[in-house]
Structure formats: C-alpha cells, structure tokens
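Multiple structures are listed underneath, in structure tokens.
One chain, chain A, links the two complexes that follow: it is found with chain B in the first and with chain C in the second.
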Partner chain A sequence: MQSTPINYFKLFAIAEQFELDVASLESNFRKTQSANHPDRFVSAPASEKLVAMQLATLANEAYSVLKSPAKRAKYMLEQHGIDAIADTNTAMPAEFLMQQMEWRERIEDAKMARSITELDEIASELKLETNSLINKLHELLDIKKDLASATAVTRKLIFIDKVCADIDQVIEQLDD
Partner chain B sequence: MALLQISEPGMSAAPHQHRLAVGIDLGTTNSLIATVRSGMSTVLQDDFGHALLPSVVRYMPNGDIVVGHEAQAHQSEDPINTITSVKRFMGRSLNDISNKAHIPYRFVEGTDSTTTRSLQLQTRAGLKTPIEISAEILKALKARAEKSLGGELVGAVITVPAYFDDAQRQATKDAARLAGLNVLRLLNEPTAAAVAYGLDNAAEGTFVIYDLGGGTFDVSILRLSKGVFEVLATNGDAALGGDDFDHRIYCWVLDKVRETNANFSPLTEEDTRLLLTKARQAKEWLTDNFEAQIVCKLSNGTLVDVTLTASQLVEVTEHLVSKTLSPTRKAMRDAKLNLEDINGVVMVGGATRMPHIRHAVQEYFQQEPLTNLDPDKVVALGAAIQANILAGNKSDDDLLLLDVTPLSLGLETMGGLVEKVIHRNSTLPIARAQEFTTYKDGQTAMSVHVVQGERELVSDCRSLARFELRGIPPMAAGAARIRVTFTVDADGLLSVSAREQSTGIEANIAVKPSYGLTEDEITNMLKASFNSAEEDKKARMLAEARVNAGAIISSVSAALAVDGNLISATEVEAIEAEIKKLQALTTAEDATAINQAVDTLNHATEAFAAARMNASVSRALAGKNLDSINL
Partner chain C sequence: MAYSDKVLDHYENPRNVGSLDKNDPQVGTGMVGAPACGDVMKLMIKVNDNGIIEDAKFKTYGCGSAIASSSLVTEWLKGRTIEEAYAIKNSEIAEELALPPVKIHCSVLAEDAIKAAVADIKAKQAAKVAA
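Let's turn to the complex of A and B:
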C-alpha cells in the first residue's frame, strides 16, 4: 500500500474546491459508510474488519473536516504545504484584533449580566461575519487562487470559530 | 451450539442458519429482552406472560438469588438484601451518589485490594458490586431467551444510556460478560428507539428522541435517511429519571407527616422502601387520575394517610422537568438546528407517561410528541434489530447506525487543566492524536491522565485512567514529542496509546477504568460461577473454535468467489491452501490448533481485504478510484 494520504475530496468523489456541494458530500458520506462500515463486516475475517474500521474512522474524520468551512479551508491550504495556524503565521491586522477584543468584552459583560439574549445577538453578528469570510474564501481559493490572502482569511475564520465555541460554552453555563 | 455449514472454496457459501441473537434493554426499573423472529422484532415474555422483568435482585437467606417480580414483592420487608435501581450505581464510587441517606442500602467504599473504586453493597450474600448485581438480571433474561428460543445465544446487543460515560459503559460490558453473554455491541438507548421507530414508520428526516427512564435521561437528535441513522448530537443526565420523581413525592409525604406529627422519628430501611414504593404507585396513578391516596403504616405504628393531587405533583417535580430541557437545548445547539428543522419528537421511557412531561416537551418543540410506540418496549425492540444484523442474519432492513461520543475526552495538562482530544458529538469510530511535550529538562517519564467531561478543570471531570510513558530520552524541556492517540470504537469505548516520536517508545492502555473489573476478577468470578466440569469447558471451547472457523471459511470463500480477480492467481492459491488446512483441522479435536489456523488464514487475507475495500469504495462512489489509503 502506498503511503500518500488519501485526499478527503476524492474520498467522497466531490470537486476539490472551497465552495461545497453539500448534498453530494452528505450522500456520498452515507454511501461510503454504508459500504464499508465495520458493522457490514461482522462475520468477515479480522483483517477485513480492521480495514473497515480504519476506513470508517478516516471517512468520519474527512467528513467532519469538509463540513466545517474553517477546517475545510485549513485543510485545502495544507494540501499546498501551508499551515494556517503555524507560529510563523501570527500576523493579524490590528483592526481585526481590536474587533476580537470588543467581542470578548461583550461576551464577558453578557456573562456577568446573565443575558442569553445578548449572547445570541453576538452569535448572530458573528454568523454574518462568518458568511462574509466564507464568500471571500470562495473567491480567493476557487477563483483567484490567492493562497497568501486565503491564509489570512482562514486564520480569521478559525478565530471566529473559537469565539463562537466560547459563546456556546457561556450559554451552557448560564443554562445550567 | 449450531455449527455453520462449510462450503467448498470457490463455491458461494451456503445460506447461513438463523443465528440466535437478542437485544437487551437493561433498565433502571425494568429490563426486557427481544429478538427478531420471522422478520419481526418481538419482546420475549416469561412463563406468566410478563414482558417486563423488574430490575430487582434479592439475595435469599438460603443462598438463592431471586430476580424480578418475586424479588420486587419482598423489597419492603427485606430492603437491605433486595437491590433495586442498581443501574444508578454502575461505574460509580460512593462519592458519586447523592441522597445516600434516602437509599436503604449498606454502601461500602471500594477498596484498593479489589483494584476497584466502584462502590459495593453489603448484603447477606456478602459484598456485591453493581456489576455482579446487574449480571444477575442479565442471567435471568438470558435464561428466558434460551428457554423461549430453544438454543444457545450467539450474542446480544445491550443498550446503555447515550449519556453513560466510559466507566459506566465498561461496567455494563463487564456485567454482560459475567452473565456469560457475548456482547455484539453496546448500543445507545435513544438510537435503539430511533431504529424501532424509524423502521416502523418508514420515517425520513430529523427526529428527536426524548428518553426519560427510571434513572437516566437522554436526548438524541438523529437524521434518518435511506436506512442510515446518523446521530447529530446527544446530551443528557446520567442521574435523572423517574426515581427522582418518586423521591420528590417521598420527601413531600414526609413533610406532610411532620406537619401533624412533629416528633416523627427517623425511618427504618423498611419504612423508606415502603414509602418510596407508595410514592411510585401514586405517581403512576396520577397519569390517568386527578388525585392519589397514599396510605400505609410505618414500623413505629405511625399511620400515613395523605392525598397527592396531580397539580401538587407538577409543583413538587417542576424543577426535575426543567432539568431535562437544559440538555435538550444543548443538543439542539450542538446539532446546529432550529425548532422548525425537527420532523418529530419520539417519547421513550416509562417516565414519559407523566402528562406534565409531555406538556413540557410539546411546549418546547411546538409540536405534539409521538407516543404511538410502547415507551417501555421500543428500546429492546430496536436493540434486537441491530443484534440480528450484527449476528450476521440476512435482513430486509438494510440499516446502518452512526452514533457519537456523548462526552468530550481529554488529557490533564499543566495546572490541572483539560486539553480536549475528542470533542463530544464526534461520530464513531474515531481516532485522534495530539502532541505533547516535556516541561522539565531531562524529564524521562510522563504521566498520562485521561479524563472525560466538558469542564476546563480536571477536578470537575471524570477521571478515567492514568498511565505512564517511561524511557523518554533526556532532552531539553519542550524538545521531546509525545504523540497521544485516542481511539473510540463503535461501542463508545476508549483506548489510548502514547508514543515518543524520536525513539518510538510506546505505552498502550485499553481504558479499563478504575471503576470496572480487572480481567483476572472477571475470570475468577466466571470460574466460580461455572459448576460445569473441565470437560464441559473443553467441549465448549472446541465448539466455539469450530463455529469461528466455519464462519471465516465461508466468508473468505464467498469473498474469493466474488472478488478473487482483484488479486493474483498465486495469492488466491495461497489463501485457498490456508482454507484447506483449516478445514482439515475443524474435524480434529484440538481447539488451539483451530484457533491458530484461523489466525494464519486471517493474516493471509490482509492484502486481499485491503484490495476488496478499495474496490468497494470505488463501487460505492460509482467508478471513482481511490489512489491509495494511508491509514
């Protein structure tokens, strides 16, 4: 067996581009799992079971990466040898950093005020920001092939994902 | 034991004989066993026509062990030796149990000598772990199935609450092994319910399973599409169920008694059990009635006579109902869904019969919940369907379950913080690696502490296991690269390995939490429980080895018949030679030799297996080819 890793897009037979054919991804993910899941090989020899297990694990990983815009962009850059979150890639526009701090402060305030409504509001603003970054990534990765700019946008997207995860966590704490 | 028919190499395998497999719902209050007969999933009944086996185990003065209705009937007279709701103690230490004072058992902290931190119960039959007590329930169900199906079981799918952590899952699997069951799979209860519901109603779309049992609450959100049941998110509370409603009523009754009798003395264990039973009966009565009379006489002669109305029940249990909505909201957020995305809400578990629970769920989801399946039976029915498939029986239901891990898994890092390696709601099976480094110059060992939970501090999460990676070459702090890999299998069970990258030094652990039994303990308990002679054991091993060999020969032969062209003629011949050797051995009496030949055949088919898998992916994706797989 060769040792080059299988390309996630090829695994699900979809076009290798940032703009995603979600319907094909979902249906091919189910097809792949239906054909190869370990549950299909319960009475098969151990060697086949092992391969099935590994393939199912790989398919799950690939699916979770492709479904998430931030992870998908990071993965596409990796295919070009770029590590979007490498320590050498730390430069962020001051403006974006300011905005980050502003979001963080608002989350902190909402947490103190125990306001889930305000947190939901911040989350929906971040959703708008996310959508605009996704549009930019489509343009930079699929049309202009401008990897350097795409890397900067991907970093922003990863940061915003983290802020969103933090909001979810705060909401959860308040909910308990 | 039924032996498989063996076909000649190159011929297609003979049709399999129907293999007896069961689904078991090991519940807090009641347990059930079901099987697929003539294509229909059916719950098996006892000789008296009962489908439900009360999950109650009584240790008798004469050494007998009684399980079910008979044990339940005596729970108030003999509470210490009659264990109910043992599921709440599975994989738990004494510290984990709240309101111990109101549970009429003699708890004993697990000791180091038994290598377990699991709590134990002092009974007249000695110290019992929850695993041993659960095994008695499973044995009773197994006996019921073998009697009713007239043969030995090939295996069982056992359901567990989706929100059970690794320790609780491991404990359940240990109990099944102790009962002599071959566990085909641990299946999450809401997923099992979704299978039964989905197949019955030919449902497609996004469904919520709201499962409130006797002691546990689960909520799962699934997408049903063309036979694939994909769990999008799951959440819950592993210590919230119908029992807690009983307990609230019990406290309310005590308050009432104290209103008129200020000098009311502390209760005996018998009184506690009696009042809890009365509370449960009142709760059940109020499902169809406006008020329930609670009348009984306590051991000191106090007469209890109070009336509980439906609206009082709502009042005293309101916070319990809202406690189920918080996990429900979390699951919806994790699945990234809005209320209008939900096509149906299926109610599962006896406790969902309570009208105020149905109202609360209806109000939250803005749609009437689906209650057309028996909430007590649906989990066992779904488990039986999955068991039938996993046992290798041909089935019309071409279904596949993709479940998730309910709780995040991580490692302790500096400062008692948790670094999450696998996030909750990741689809199984999953493997994920993370690199860590040393923090001191010349550090040669690293202690790996595996935890489960959502919180940031290790002290707020459940500790699953600790192990050490030794022999790291002395380097400057931060220079060593230690790769820790977490793997969670389809049962939801975790194994962890650690490897220092430059030297390849490795440490592995199947996370056998401190709450479970060790391999030795299981072996000893099994030995003690088998009265059969050594001869019987040998015969059993030989029969099992032959069944195994038969299964492999027929599957490899069938595979060669279909896909033999994927490998060279020489490779085919090599595999066929191993099949012949194994076939010859199956007629002899040596189980060890058969097992070795099975291993050799397995080994010989590795390349063939990979080739088939590649071909199968390509077929699934209509002609696309895999360049290679790096696994």
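Let's turn to the complex of A and C:
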C-alpha cells in the first residue's frame, strides 16, 4: 500500500478539483468508515483486520486533507510535484507580511485588553480574506491551471489559517 | 518538544524585542515568513556611516525556536558590519541553540530575515547616493 499512494480524490470517487463536491465527499467518507469499522472485523483474520484498519486510517487522513481548503490546495500542488511550504522559501510579498504582523499585534493588544469584541472583529476580517483566497484558488487551480500563482495563494491561506487558529485559542482562553 | 536550555533562556527572556524607526535612513527592515508553521519575523537593524550595526530589534510571532533564533541574532548583529551580518549562516544559529531537525526552518527564517534587512538598508543607501 505504501508503494503506490492512493489519490485522495479517487478514494472518495470525487472529481480531482479544488471546488469540492462536499455532499459526495461526506457520504463516501461515511461509507468507507462504516465498511472498514473494526466491529465488522471482530472474527476476521488478522490480515483482514489490518487492511481494514489501514484503510480507515487512510480515509481519515484523506478526509481531513480534502475538507480543509488550505490542505486541499497544498495536496493538489503536491500531486504536481510542488512543495508549497518548502523551508527554503521564506520570501512572501512584503505587504502580506505587514498585514500578518498587524493582525498579530492587534490580537496581542485585544488579548491584553481582554476584548472579545475586537477578537471577533479580527476573526471576521480573516474570514473575508479566507473566502477571497478560496475563490482565487478555485479560479487558479480549476479554471486557469496556473500552478505558480496557486502556490503563492496557497501559502497565504496557510498563514491565514494559522492566525485563525491562534485567535480561536485566545478567545477560548479568555472565555475560561 | 524538548527545548534546549539556550532556547528556553531566549524564549523566556527575549533580547531586543521591539521596533526601530522604519523611516530612519539608517534603519533596514527584514520581514520574512515560514508557511510551514505560519511564523512571521520582523528584524530591524540600525547601521551607522561606517557600516557597523549599532542596534537591532526584532518581533517574531511563532514558536519558541523562532523567537530564540531571532533573539539570538539580534545579540550577534550588534557591532558587526553589514557584510559580516550577511555572512551569518542558519547552521551557526541552529548549532548555538541546539535546534532539533524539525526546527531548523526557524534558523533559516532568522538567516533570511538578516539578509532581507541588509538588502533593505543597502537599497536605502543606494537611493541616498543616487539622490
């Protein structure tokens, strides 16, 4: 199984494109999980148990990648031999990094001021930015097939995802 | 993640956190980011007329290793020429902080921040000469 990696889109029988067929992904994911559920293999030979477990694990991993726009885009680029997050590439557009710094500083200030309102405001700005990047990725990956530009947008989306995760964490801390 | 004592020391007592006046003609700014972890790093250096770095400040949003890497380089930069600064390698930073392989990219980020700050100050100096 390791030697020929299974394509995540094919695993769930959905079109290999950025614009996701969510309904088919959800229903085929559930089917795969139930077909490979350990309960079904209680009295099965060890080799079958192992295969079922491996398939369930693979389906989990594939599902989590396809569900996340940033991970899905990164995965699609990987299929074309592009590593969107290569360590050696730290150059990002200056204005994008400035914006990142600004968001980070505002989160820090809002955290100090314990202002959930301000954090929600930043989160909604990030949501807008996320949506605009997702629209761009659909255009670049599915329509224009412009992988170089798609790589740049994917990198931005990964940064935004990280800021969103950090905001959620701060809001959770303040809620406690 | 087990951090080395040196990383912990810089992480808990980061040196030279802050900003310099970005409009000062003697100040160069380097901004870099690592998409692998979403870390962002800003490094600012103040360079005197003899090309010596008089002051360095940083602001890093990221993991302990990224903060320690940038804190360490601000200490190293002071008193060096911009050419010496440009020659600093990420491997020296990683070695000093005993960074594990998965955190090497943090030292790459710091090296790239220095190079970006030096490039910025050189561009400012060139613009001044041209003016």
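As a working rule, the second predicted complex is superposed on the first by the 174 of 176 C-alpha atoms of A that agree within 3 Å, B and C clash if a C-alpha of one lies under 4 Å from a C-alpha of the other, contacts with A are read in each partner's own complex, and residues count from 1 in each chain.
Throughout what follows, a residue touches a chain if its C-beta (ideal position, glycine included) is under 8 Å from a C-beta of that chain, and two chains touch if they have at least 3 such contacts.
The model shown is predicted, which means the values in this text are computed figures rather than measured ones.
Undergrad: Per the contact definition in the header, classify A:61: touching chain B only (first), chain C only (second), both, or neither.
TA: First partner only, chain B.
Undergrad: In the overlaid three-chain picture, which partner chain does A:53 touch, first (chain B) or second (chain C), both, or neither?
TA: Touch status of A:53: first partner only.
Undergrad: If we overlay the two complexes on their shared chain A, which of chain B and chain C does A:112 touch? Say first, second, both or neither.
TA: The answer is neither, since A:112 touches no partner chain.
Undergrad: For A:161, using the defined touch cut-off, is the partner it touches chain B, chain C, both, or neither? Pick first, second, both or neither.
TA: In the superposed model, A:161 contacts chain C only, not chain B.
Undergrad: For A:23, decide between first (touching chain B), second (touching chain C), both and neither.
TA: After superposing on A, A:23 lies clear of both chain B and chain C.
Undergrad: If we overlay the two complexes on their shared chain A, which of chain B and chain C does A:94 touch? Say first, second, both or neither.
TA: So A:94 only meets chain C here.
Undergrad: Going by the contact definition given at the top, which residues of chain A touch chain B in one complex and chain C in the other?
TA: Common to the two interfaces on chain A: nothing.
Undergrad: Write out the stretch or stretches of chain C touching chain A in their complex.
TA: Against chain A, chain C makes touches at 31-38, 40, 42, 59, 61, 104-105, 108-109, 112, 116.
Undergrad: Show me the residue ranges of chain A that touch chain C in the complex, using the header's touch definition.
TA: 84-85, 87-92, 94, 96-98, 100-101, 104, 155, 158-159, 161-163
Undergrad: Chain A touches which residues of chain B in the complex?
TA: Of all residues in chain B, those touching chain A are 184, 225-228, 230, 326, 329-330, 333, 389-392, 398, 400-402, 426-432, 454, 487, 489-490, 551-552, 555-556, 559, 601-603, 605-606, 608-610, 612-613, 616-617, 619-622, 624, 626-631.
Undergrad: Inside the complex, what are the residues of chain A that reach chain B?
TA: Going through chain A, the ones touching chain B are 1-7, 10-13, 28, 30-40, 42-48, 50-58, 60-61, 63-64, 168, 171-172, 175-176.
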